[in-house]
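For reference, the structure discussed in these notes is given below.
Think of it as A, B and C in the order they're written, each chain with its own count starting at 1.
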Amino acid sequence: MLFHPATMALNLASLANVAALVLAATFGVRILRHWNIASGSEGQLRLERQTYLVSTLLGIVLAAELVSLFLFVYTADRLSVMFVGAMCAVGTLNASVYGFPALGLKIACFFAAAVWLLMNAVDNRGWDYPMIRAKYGVLLLLLPLFAAAAAVQVAFFADLKGDVLVSCCSKLFTAGGSGVSAGMATLPPMETLTALGIVLAVVATMAWPARRSPRWALAYAAVCAVLFAVAIAAVVSAVSPYIYEHPHHHCPFCLLKAEYGYIGYALYLPLFGGVALGLGVAPIQAFRTRESLALVVPAASRGLVGASVALLLVFALVVTATIALSGLRLT
Amino acid sequence: MRRWIERQRCLVDFTVSSLLRRRGKNLGLIVVYTIIIFVLASVMLFSQALRREAAAVLSNAPEIVVQRMVAGRHDTVPAAYVETIRAIRGVAQAEGRLWGYYFDPGLSANYTLMVPADRTVEPGSAVIGHAIARERNGLPGTPLFLLSERGKMHKFTVAGILDRVSDLIAADLMLVAERDFRSMFAIPADALTDIAVSVRNPREVATIAAKISRILPDVRAITRGDILRTYEAAFNWREGMVLVLMTGAVLAFLILAWDKASGLSAEERREIGILKAVGWETSDVIRQKLWEGALISLTAFLFGYALAYLHVFRFDALLFEPALKGWAVLYPRFELRPSVDAFQVGTLLVLTMLPYILATVVPVWRAATIDPDVAMR
Amino acid sequence: MIRLTEVTKVFNQGRHNEHHAVKGVTLGIEDGRVTVLKGPSGSGKTTLLTLIGCLARPTSGRVHHGGRDISGLPERFLTEIRRRTFGFVFQRFNLIHGVSVLENVMLPAYPLGDDHGALRERALTLLERLGLDGKGEAKAEWLSGGEAQRVAIARALINDPQVIIADEPTANLDTALSRAFLTIIGELKAEGRTVILTSHDPLVCEADVVDRVVAMRDGRLTERELVEA
């Protein structure tokens, strides 16, 4: 299915991403070897000039990466009509062995891109580029991840063929099946919701000290990671049935369809955004001791924690609203 | 945050005035960009509209169609099979259908002859579709002569013309009475062309189709989903092909964009030098130039998309029909229902704006890194 | 206080057209005073000006602003300091053509993200002070020499800088306008600002308002004369 316009767009974005990252990585190697802010030599000045280019390029490409996660899911949903037995994105993802790995890698890329962009934004506020080596070091580590994601995504779209019979989400997310998805679906809904509530409460209360203390800020980032896992499990096991008003419909992708008012986006956008911002606090805090960032890091941490908590509260509100307004009553 | 917004606002202000100052250079770029977007958007809008039409049409089609196969080719199906199918659990309705193709040598065109299930046609008369009416000057009451395969001439009196609502399939249709049909094509009384089956529970369609194939081994059961998928695939493939063929044009455009972005006049160079000397930083200049690119993109996108919309829905996609619809003499004229899809807009944005921005990044950066002390000299 | 220590600037280092514009200059510029860098063309006074005003980084040597070493700062932060501390008036005024006078004056403040309305007010006040009220919407290329210079000064003042730097300010002006310029300099000095000029015009070097003249030749300082006002 390489000739569908949406898949072409996604593949183009991914390949552009990888190309830009490879360029940035080669630049990064030069930075790691030759960067010396104190020297006024021509070589150093050239490196400084070139960081503008690489920085801008990465900014564009990683921002596109953030959007492409949602475009990917939307495309999978739209393509589902092509496959026998598929009624939502799950069907499309199931039609190829590369489907779910592509999704998983893209989610990882989303968070990696968000965190890197946040690091970059903070680095730009320190007068001596304090985080530059760390930034490009991290980029070199992330390059394999992005390359793998692009490769798997292209393989996925190339591998999709219309004549494959796929199992619908109702088979994947039910008690009978095996694997993570079935496991999540079988979690008792009430207990999972309670767990979600508890973790959200922990996150919200941690936000206060996290604004002041670096140790709490790091803990906040860790809790965000936990929250992500719990939230996804909760959406599958508890929130979905309420939205569909059907106790056995657990699919987390059908939420994104028009017939449910695209409620899925109202759930996932704040969740992903909030967690990404929360995770970004951790690498930033690692540099709080640098002189040039002495004022920047606390301010940035506060801002990130504040924004993260706000988004997660929106997520909590949406969850509560859908449960309260649903016609279903689970015990 | 407010500062950021104010800053962007100031930059956008300045960008607009910059673009207006260099009208000549930017106008050429915008025109080409608009044309590219126009073509891409036209293709996407047209395909989407066709898809919707097909889906709408097919929504009235039977869920399963049962056809008998002999030596891998389509043959008539015994009328007795209808009862067998009706007896299967889950089947709501099963009806035999009579239809076939007639080749008109005078027009080198195929008509579809059909015995309608929902209306009665008087023996000796026919209800015809618009395309046939048009090509054969068929008005109600006039005669229509068809030469059967047996060499016999059959006369039909036009009883009426089918309305145009879904011309995509009805344009070349001719509805006749059962007796005339069987006599035209020499089909015995106990044979049918195929059997239309409707199913109680839509989720069971695939299962029931499988059951039918098992019970009656010489038939194949085609589901509506199969047909829909085939159409989708054909439209996707064709749309994709056209877009791929556009790659050359898009690349040429990107080279133009790169060139325009790189070709700084002496005046522009001076301006950037001054800006940097009075306190603009390299990243400020980059941001301003990217805004230029963004504004050009958005303008071109809006114009291109609007023109494409008009082209497809007002002017019936004059430029594309042959490539996308396939070749046929009996050409339905129908109006596509306008629809705009956010998904499509998003895809188009990624396909056009992203390459454009990437193509201009390096020239923009080179322009922005002009040394400020150039202004002092 | 701006202090330069053994500052050297070399262009095209390592190549055949290597040029030492400034060689080992040690200099202190006092706050609140008017200093003139005097010398023939090619003496390096313009380059020295760019080093003082954070437009360029020295190849070697140190530049201190108010005690803080700024020579090692990357461009981004030099620009930040320059924006807030310095106002430049260029020899050829360097206004942007096709843009109105008002917008020319407001330009240096755009990247700072100040409130647009307040910025406009500031710009109009400055224009009024320099006798240019009513010229706000005029296009920059229609101005006379004297008007253009005053717009350049207004632009230099938009961010309320501590230091004003002017390169050969009277080179394109007649005597009357030159005197008018020196009057404005006097006003700025009275406000407590530091002024640094380059010039080889005797009218400027011998003016009362000038506190100190620093002579340069071939990239080095020659003799220094202290002229107390």
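Methods note: contacts are C-beta pairs under 8 Å (C-beta built on N, C-alpha and C of every residue); 3 or more make two chains touch, one makes a residue touch a chain.
What you see is a predicted model, and the numbers here were worked out from it, not measured in a lab.
Should one ask which of A-B and A-C has more C-beta pairs in contact, the pair is A-B.
Averaging the CA coordinates per chain and comparing them to the mean over all protein CA atoms picks out A as nearest. Each chain gets a centre from the mean of its Cα atoms; for chain B and chain C, those two points are 64 Å apart.
For the pair chain A and chain B, the distance between mean C-alpha positions equals 33 Å.
Chain A and chain C have centres, each the mean of its CA atoms, that are 49 Å apart.
Shared interface positions of chain C, i.e. residues touching 2 or more other chains, are given as 75-76, 80. Shared contact sites, meaning residues of chain B that touch two or more other chains, fall at 282-283.
Touching of two or more other chains is recorded for residues 49, 124 of chain A.
The part of chain C that touches chain A in the complex is made up of residues 13-14, 57-60, 71-77, 80.
Chain A meets chain C in the complex at residues 37-38, 40, 42, 45, 48-49, 124, 127-129.
Looking at the complex, you find that chain B touches chain A at residues 44, 206, 225-226, 228-229, 232-233, 236-237, 239-241, 243-244, 282-283, 286, 290, 343-344, 346-348, 350-351, 354-355, 357-358, 361-362, 364-365, 368-369. Remark: chain A residues 1-6, 8-10, 12-13, 16, 20, 49, 52-53, 55-57, 60-61, 64, 67-68, 71, 74-75, 78, 81-85, 124, 162 touch chain B in the complex. Touching chain B in their complex are the following residues of chain C: 46-47, 49-50, 55-56, 75-76, 79-80, 82-83, 88, 90-91, 94-99, 103, 107-116, 155, 159, 167.
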